[in-house]
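Naming follows writing order (A, B, C and D), and every chain is counted from residue 1.
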Amino acid sequence: MGEMTFVAAAREDLDEEMARDPSVFVMGQGIGARGGNFNTTMGLFEKYGPERLRDVPIAERGFVGMCTGAAATGTRPVVDFMFVDFILDAMGELINQTAKLQYMSSGRLTMPIVLRGCYGIGRASATHHSGAYYPIFVHLPGFRVAVPTTPADAKGLLKTAIRLEDPVLFLEHKSLLNTKGSVPEGEHLVPFGEAWVARRGTHLTAVAIGSMVPRTLEVAGRLAAEEVSVEVIDPRTLAPLDIDTILESVHRTGRLLIVDETYAPCGIGAEIAAQVVDRSFDDLDAPIRRLNGLHTPIPYSPPLEAAVVPTTEAIAQAIRDLLAE
Amino acid sequence: MATPLAATPAESGAAESAAARTALGTAEQLALFRTMVEIRRVEEGLVRAHQNGLVHGACHTYVGQEAIAAGVCAHLRPSDVVFSTHRGHGHALAKGVAAQEIAAELFGRETGCSHGRGGSMHLFKPEVGMMGTSGIVGPCILLAAGAGYSFRLQRTDNVAVAFFGDGASNNGAFHEGINMASVWDLPVLFVCENNQYATEVPYHTVSRNPDVAAKAAAYGLPSVIVDGNDILAVHAAAGEAVRRARGGGGPTLLECKTYRTRAHSEGMRDAGYRTAEEVNAWKERCPIKRFRSHLLEAASASSAELDQVEREVDALVANALAFAKDSPWPDPAMVTQHVYRSEGRAGGSVG
Amino acid sequence: MGEMTFVAAAREDLDEEMARDPSVFVMGQGIGARGGNFNTTMGLFEKYGPERLRDVPIAERGFVGMCTGAAATGTRPVVDFMFVDFILDAMGELINQTAKLQYMSSGRLTMPIVLRGCYGIGRASATHHSGAYYPIFVHLPGFRVAVPTTPADAKGLLKTAIRLEDPVLFLEHKSLLNTKGSVPEGEHLVPFGEAWVARRGTHLTAVAIGSMVPRTLEVAGRLAAEEVSVEVIDPRTLAPLDIDTILESVHRTGRLLIVDETYAPCGIGAEIAAQVVDRSFDDLDAPIRRLNGLHTPIPYSPPLEAAVVPTTEAIAQAIRDLLAE
Amino acid sequence: MATPLAATPAESGAAESAAARTALGTAEQLALFRTMVEIRRVEEGLVRAHQNGLVHGACHTYVGQEAIAAGVCAHLRPSDVVFSTHRGHGHALAKGVAAQEIAAELFGRETGCSHGRGGSMHLFKPEVGMMGTSGIVGPCILLAAGAGYSFRLQRTDNVAVAFFGDGASNNGAFHEGINMASVWDLPVLFVCENNQYATEVPYHTVSRNPDVAAKAAAYGLPSVIVDGNDILAVHAAAGEAVRRARGGGGPTLLECKTYRTRAHSEGMRDAGYRTAEEVNAWKERCPIKRFRSHLLEAASASSAELDQVEREVDALVANALAFAKDSPWPDPAMVTQHVYRSEGRAGGSVG
């Protein structure tokens, strides 16, 4: 167990996988000698050279299509988008080729491709560098989606992602990159589809995603002083989604809040709410609530930016309101 | 990384073609003839089946363009890969997918090469290097470039081929994929089948430069223009390009000037945007008819030998259609199989 | 009131708007002299010429970006995608430019652009020609989404769409194009955000989208014979969504089923369920159920294709099951 | 629709430039000088503000490239439009956005040209034809082409300009947008500022053809290469292109060879991928320094006059920064305003 940052943990993992399997390679802008805009590949170019750490032109659609062709022919690409927003120019390839080639070929082709990118609101990155997009990839068939929040999960989920034969969207929240935590050394694999119960509680279940996990944990800690016991669940992967852990929790608490930085409409909170009201209707003692980022392009100015994501105050208030129902 | 720009298109093609015309043996020439005839007859069979409601959805035939698939794929091994388009039956056949598997696929049957999941525009048979046709215009260029990247990483001498139309050349995928293949010297052959129309849109109304091959200069890779209705010319130019790619010399853009003599898609109107004279003139330039004449003139084959090939193909195609018609439908209970390789709680124990 | 097909109604509307406003123009493949792959512009080229019915190269990203620039400079583009699947190559432009320019310019630019396309499963069109994608556009801020199901609504909603200053995704289900209905002549505007209660009922509320509207109505008609009274609601627009009409209905029926051809996860049914369980928890007498297309690329073969969309049998069964809860 | 292909790049540019060099009056030359100095000084002020934490997020400066924005925008009317990139401060200033509005925007204030919603990469001021800069590489090419389409429909003689980098030229947007602008003769000027790097990536490693302008041949539109650090050359070439566009003669691709002498973005490292010698050599070719020498040598202006311009600009920039710092923050309560024009139940009564 070493103490390291989120980004270092993911990088150690990538290094181990590249050492283990020569068919793993990375494509992205600035991921070669530069080591990645977010240091995601720092030091790897020197070890693995330009063919396996391939700096690419500004042609997102092009290199995503290429990595799809590469994955279909036996290599294991990791596409590093830097800001995940740049994935949008490649949606056609991703939806119609990457996500469908396994199905269309009746499983004779596999698609071991990892789409990694840094996401989320913060740092006044403004509207073209603050998106998340995971509800879209959960909606569409063919993708796996991982949103780790701790260094250990960053490592363990990236390792699983690289070894899976399915396309994985692997998202790293910018605000978490430099947070530290203990990380198991060597072979550490976290399976997809197993939520992490980040805090046990009895009065209310709060499912939090990405940057909202530390924020919700902070609120839960604070509310404990008021004798309010909140269970906090970090799903870790959104596709597959470990709904069982959520249902089991709601069975005990009777109340559910979902806290998510991305947009509410047709978002991941909607999906969780819909599954719970369908499958655990009798367990519910109150309405299901969602707290989301406001439905707007992300503004630049720090006070505006702060206003669009759920704050600790808003989370605490939502919990109190829901307990009063 | 700067290299001299591409030679002007066409030159190299013309020279090489003449050389290869003589070099090709009789057996090889008969094989080319057979492939073209097979493509034509399969298409004709599928057209009838479409009219009879046995083929569902859209059906874009390759009639008139047979020399291109035949001439290019003759140079490929099963481990070489082909990525194709909505007009892909010919590529699949030339790459070695059995006629019966293609017919069954278009009939929507379990025995089809895509087990009924694909139809006309989604033909998959990775076992022989047929990596899929696509209903979306453009992606095949990128997928082939990526396969080329894989082959380099794997230290194999496999080659990847993308077939696409003139219409695709105005798409961003052309620009991005060919540029990257060029700067990284990937073993790829980009085959543009310029049949002069995208659906009903004449190429000269959507590009001020009438030659797709000329656009290679922007990317610094070699390009060639050939008469796409001349099987020997296609064969020769493709041979040179495949050799270059296999030998580490990087990609080539091969433009084949050709024409589709049927409607864009079966059941669509075929008037109003081109004249009957134009269509008839191109029917006269039928690649099969021309090659037949050439073989007879050069005394490379007798009329009887060629008739025999045609009869064999006719029998094969008749069998293929019967096979398709008698094949079972896929099982709806299996419809979500293969969406993911890893089911449920994925991973963790994988390795 | 004339009787006409869905596609003719929409075409009449486009014709009227082009006659009224010279800044309205159409870009798309085959929408000029050919009149549109689905006859969406038949006869208009002769009236308005090639500048206003512009046949374009196969460059979806390009012409969507161009239409966005055109809309920002005072004209009113209608992009006709033919199959809406082809929109995917333009997602980068749509999400980061089309949907955001009004916000980023603080309302000084407007974005009167209509993105129209034929969608949906049927006719063995296979996986690249069968998608719908509307949940994605509901999720992201900046878009309006219309899914008319009757000829009258096709006309009335398209007219509103063309006159709005906001980007509108206007979707026409392939299976509805040739259905007939009566259509008000001349100026007929249907506002966005007003659901149509297609059938009154008291036992259960069924919200149906697109192709599922006639199918659900058929089931409701059949179940009436069994003394089961189903209220059928067609939201007509998904953004804005008329949740009030749905809440009011659930208040009376206590039971909600959402029937939708598209994928369930993070879909429109999830959004409706989440809003209802939040706002009408006390009205609910049973779980909320969703019926969706299976989560898979759309297969080609007719029996497989039929298996991925909710059938009338499945709808009837879901209603019976929900009434038994 | 086929027209003769573009003349080889550079020729026309060189000729025209010599002619225009003489034609330009003193007042116009001083205005160009002033614009360049203003861009430089604003950038220097923003750099300091960024170091002091007053500018948030990323900040890409235009230092070294001033001649391009100044030379091109000098030909534009307020009704002409500009679409720009992440490196857009210079374009906004040259197009007529006040320095104080740009400073306030980067400071995140309500008085900024985008009311604090945009920041460095999202500068909007449609009132003067500044239609937005973009954090995404590529779209400006398409948006400008579309504005050109609008202008044609509206029967105005307005012109649209897209500024973009060498990096953008490998993007599909370049291919699709320039092609359509060419086939439809749209009134657009495509200005590629080839500063030879995209972030840290040298252009010659991502394109085998070192000249972006040469790629115009693929699309059949005229193109020119100019020394982007020579304001008079840029001004002349842009003048010809704008006149052609305004007169219905269609688009031009103008490649300006230049260099950014600061890091890609403030706070980023600026070593490892280029040498200090290279940077210094380009600092010697500073467009402002060169133009100052030229004006003095040609006796078009005195040293005192130029100093006076610089002092005026210094005062303006100092004021702009003070204005920005003293400006109020935007009101968080208004954060979702302007997402939609029509609120709630939209339409129906619109008209």
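Heads up, the rule we're going with is that a residue touches a chain if its C-beta (ideal position, glycine included) is under 8 Å from a C-beta of that chain, and two chains touch if they have at least 3 such contacts.
Nothing here was measured: the structure is a model prediction, and the numbers come from that model.
A.B. asks: Looking at CA centres, what chain is most distant from chain B?
C.D. replies: When every chain centre is compared against chain B, the largest gap points to D.
A.B. asks: Count the C-beta pairs in contact for A-B and for B-C, then report the pair with the higher count.
C.D. replies: Higher contact count goes to A-B.
A.B. asks: Per the centroid of Cα atoms for each chain, what is the distance between chain A and chain B, given in Å?
C.D. replies: Inter-chain centre distance comes to 40 Å.
A.B. asks: Between chain A and chain D, what is the separation of their C-alpha centroids in Å?
C.D. replies: Averaging C-alpha atoms per chain gives centres 37 Å apart.
A.B. asks: At what distance in angstrom does the C-alpha mean of chain C lie from that of chain A?
C.D. replies: Chain A and chain C have C-alpha centres separated by 30 Å.
A.B. asks: Where does chain D touch two or more other chains at once, residue-wise?
C.D. replies: 114, 117-118, 122, 134-136, 138, 170-173, 175-176, 179, 183, 205-207, 339
A.B. asks: Could you say which residues in chain A touch two or more other chains, in rising order?
C.D. replies: Residue numbers touching two or more other chains: 56-57, 59, 61-62, 85, 89, 92, 96, 103-104, 127-128, 141-142, 295-297.
A.B. asks: Which of the residues in chain D end up touching chain B in this complex?
C.D. replies: 1-3, 5, 170-176, 179, 182-183, 204-210, 214-215, 217-221
A.B. asks: Using the touch definition up top, name the residues of chain C that touch chain A in the complex.
C.D. replies: 60-61, 85, 88-89, 91-92, 95-96, 99-100, 103-104, 127-128, 131, 135-136, 138-142, 239, 241, 263-271, 273-274, 277-279, 281, 284, 286-290, 295-297, 325
A.B. asks: State the interface residues of chain D toward chain A in the complex, per the touch definition above.
C.D. replies: 56-58, 108-109, 114, 116-122, 134-138, 167-168, 170-172, 198-201, 205-207, 272-273, 329-330, 332, 335-336, 339
A.B. asks: Help me check something: in the complex, which residues belonging to chain A touch chain D?
C.D. replies: 29-30, 33-34, 55-59, 61-62, 85-86, 89, 123-129, 294-297, 299-304, 306-308
A.B. asks: Which bits of chain D are touching chain C when the two form their complex?
C.D. replies: 81, 83, 114-115, 117-118, 122, 124, 126-127, 131-132, 134-136, 138-139, 141-154, 160, 172-173, 175-177, 179-180, 183-184, 337-342, 344-351
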